[in-house]
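Here come two complexes built around chain A, the first alongside chain B, the second alongside chain C.
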Partner chain A sequence: MKCYDLNIKGNSYNCNKELILEAHRLGWDYFNLLFSPESYEKAIKYKNNLRDEIEDIIINNLRNKIGLEFGIEIHPKNQNELYKLTKKYRNKTKFISVLGGDLGVNRGVCENIQVDVLSRPYLNLPSCGINHVLAKEAVKNYVAIELCFNDILSSYLSYRSKIMAHFREIIKLHKKFKFPLIITSGASSIWEIRSPRDISAIFKYLDLFEDEFNNTIQNYPQKIIEFNNERENMIILGVKKI
Partner chain B sequence: MKLKILPPTLRINKRYLVLDVKSEVKLSKDELVSAIWYGCLRLYGESETSAFNLWLIKFYDIADNNSNNHDINNKIINNDKKSINGKNSQYYHFKAVLRCQRGYEDKIRGSLSMLSNHNNKKIAISTIGISGTIASSIENFIN
Partner chain C sequence: MITSKNVFYHELIGLYSKVVKSYNEFLVGINGNIIDERKKTISIETEKGVKIIPKNVSIFHLLLPNGEWVEIDGKILVNRPEDRIKKKYKKL
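What follows is the complex of A and B.
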């Protein structure tokens, strides 16, 4: 099984290299490094070098093919800013993730086909940030909802249990409405990365069983990547240049 | 007087988890045991953890090649931190074999991976394998 991690926090060249090598050792195969719009321009210049260097190091490994992509994570304050930023960056990158945490932004993202992922919709909210209306919109526009493992890892006591409760609620909605759900590590250093099987063990406790978990780390991310690779040839949804 | 050993049908079934441990500071076997118990108790509480039947069987310091086949009771003298391709993120790297009750592997795996700090020092524990015997766990995942 190929495991996709669509949210690794981009940092300096060496940090990224270390993080990817460690994640590969633990069983991940595809890495999507997310940068802020300001640092993305600088980072995209060394993408090919980074991929070559990592492939040179893991040449003796059985799983010596890795996938590497760079994306942008945007933090809009309101819906207007969301539309401006997505329009601005859509043609510059293959992957746009929007940080949730505001009910208006969550709604705007779910209704926007230009966005790939709504990251952490529960952030700083008393609820999980998703309801049946947003769930249906997410299905319609194929916007994936992201659950970030690092949120559980970096929190403790009541805050951790609240985040786990939000995860449970989102998983419940996912089972009912079948919107794309992805699980990511959200790691920014080697201390925050865990193997896919470890993460699976935790999500099993949150009512996400093995088949569903495999979809969240393999099938849904794969579909998002395939869709994004064809996005530039698409005139409108369903019509593409050949 | 020593108790007679239970017949095989009455013994509990065991599984052996092979752990990959990264730590900011040098760990002893006792410190790792304390971290494992802390992680399980934090996530599942006292009543559920009581069914796990945890016991740390083997502990290896990976940085020291000579210590690859001995228990922690033999003193470890190597102080070198492991670095990834000579870069700056250095950590102490250990492997361990943890015995648990069959059927609880996933719960233990989950609670260990949720551990990020112990005694205010960074620690990361991943389970790299599960096995039915100590010998096969060492052969497949440590050697």
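What follows is the complex of A and C.
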């Protein structure tokens, strides 16, 4: 099984290299480093070097080759800003993730086909940030909802239990409406990375069974990546140049 | 002029087309010029006669006059040609 991690926080060159090597050791195969729009342009320059250097190091490993992609994470304050930023950056990058945490922004993202992932919709909210209306919109526009494992790791006591309750609620909605759900590490240092099996063990406790978990770390991310690779040739959804 | 950017708004009669995918396996492979279009079907003139293909279960490859090939999901075409021009589509 190929494991995709679509949210690793991008940093300096050496830090990124360490992160990817550690994640690869723990069993991940595809890495998506997310940068802020300002630092993305600097980072994209060393992408090929980074990939070559990592492949040189792990060349003796018998597992599949690694995949590496850089993306942009946007933090819009309202819906208008969201539309502006997605329009601005859609052609510059293959992957756009939007940080949720506001009901208006969550709705705007779910209705926007140009966005790939709604990251952490429950952030700073009393509820999980997703309801049946947003779930249906997410299915229609193929926007994935992201659950970040780092939120459980870095929180404690009642905050942690609340986040886990939000996860459980989102998983319940996912089972009913079948919107794409992805689970990511959200790691910014090597100490925050966990193996897919560790994460699977936690999410089993949150009612996500094994086949559903496999979908969240393999099938849905794979579909998002394939769709983004073909996005250049697509004119609208369902029409593409051959 | 028909291009890949406006083909889903445009009149399809006269274009060479091929059914590449369909829920009905017997429709796959049918090719020829489109000679008529209705709300839910397309008529294709083949060597064995005129075949009527339902739009909403098929995926077509269309050859445009500029030599470009376009793959188009029939679900997008489900509408009368004169009504399709009014429809709004989300940009990717």
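The rule is short, and it goes like this: the second predicted complex is superposed on the first by the 241 of 242 C-alpha atoms of A that agree within 3 Å, B and C clash if a C-alpha of one lies under 4 Å from a C-alpha of the other, contacts with A are read in each partner's own complex, and residues count from 1 in each chain.
Here, a contact is a pair of C-beta atoms (placed from the backbone, for glycine too) under 8 Å apart; a residue touches a chain by one contact, two chains touch by 3 or more.
Only a predicted model underlies this, so the values are computations on that prediction, with no experimental measurement involved.
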| item | value |
| --- | --- |
| Which superposed partner A:Arg231 touches (first chain B, second chain C, both, neither) | second |
| First (chain B), second (chain C), both or neither touched by A:Lys17 | first |
| Touching partner for A:Lys204 - first (chain B), second (chain C), both, neither | first |
| Of chain B and chain C, the chain that contacts the larger number of chain A residues | B |
| Touching partner for A:Leu153 - first (chain B), second (chain C), both, neither | first |
| Where chain A meets both chain C and chain B, residue numbers | none |
| Touching residues (chain side chain A, partner chain B) in the complex | 14-15, 17-18, 21-22, 26, 57, 152-154, 156, 189-195, 197-199, 201-202, 204-205 |
| Touching residues (chain side chain C, partner chain A) in the complex | 4-5, 7-8, 61, 68-73, 75-76, 89-92 |
| In the complex with chain A, residue positions of chain B that touch it | 22, 42, 84-85, 87-89, 91, 106-107, 109-110, 112-114, 116, 122, 124, 126-128 |
| Residue ranges of chain A in contact with chain C within the complex | 113-114, 141, 231, 234-242 |
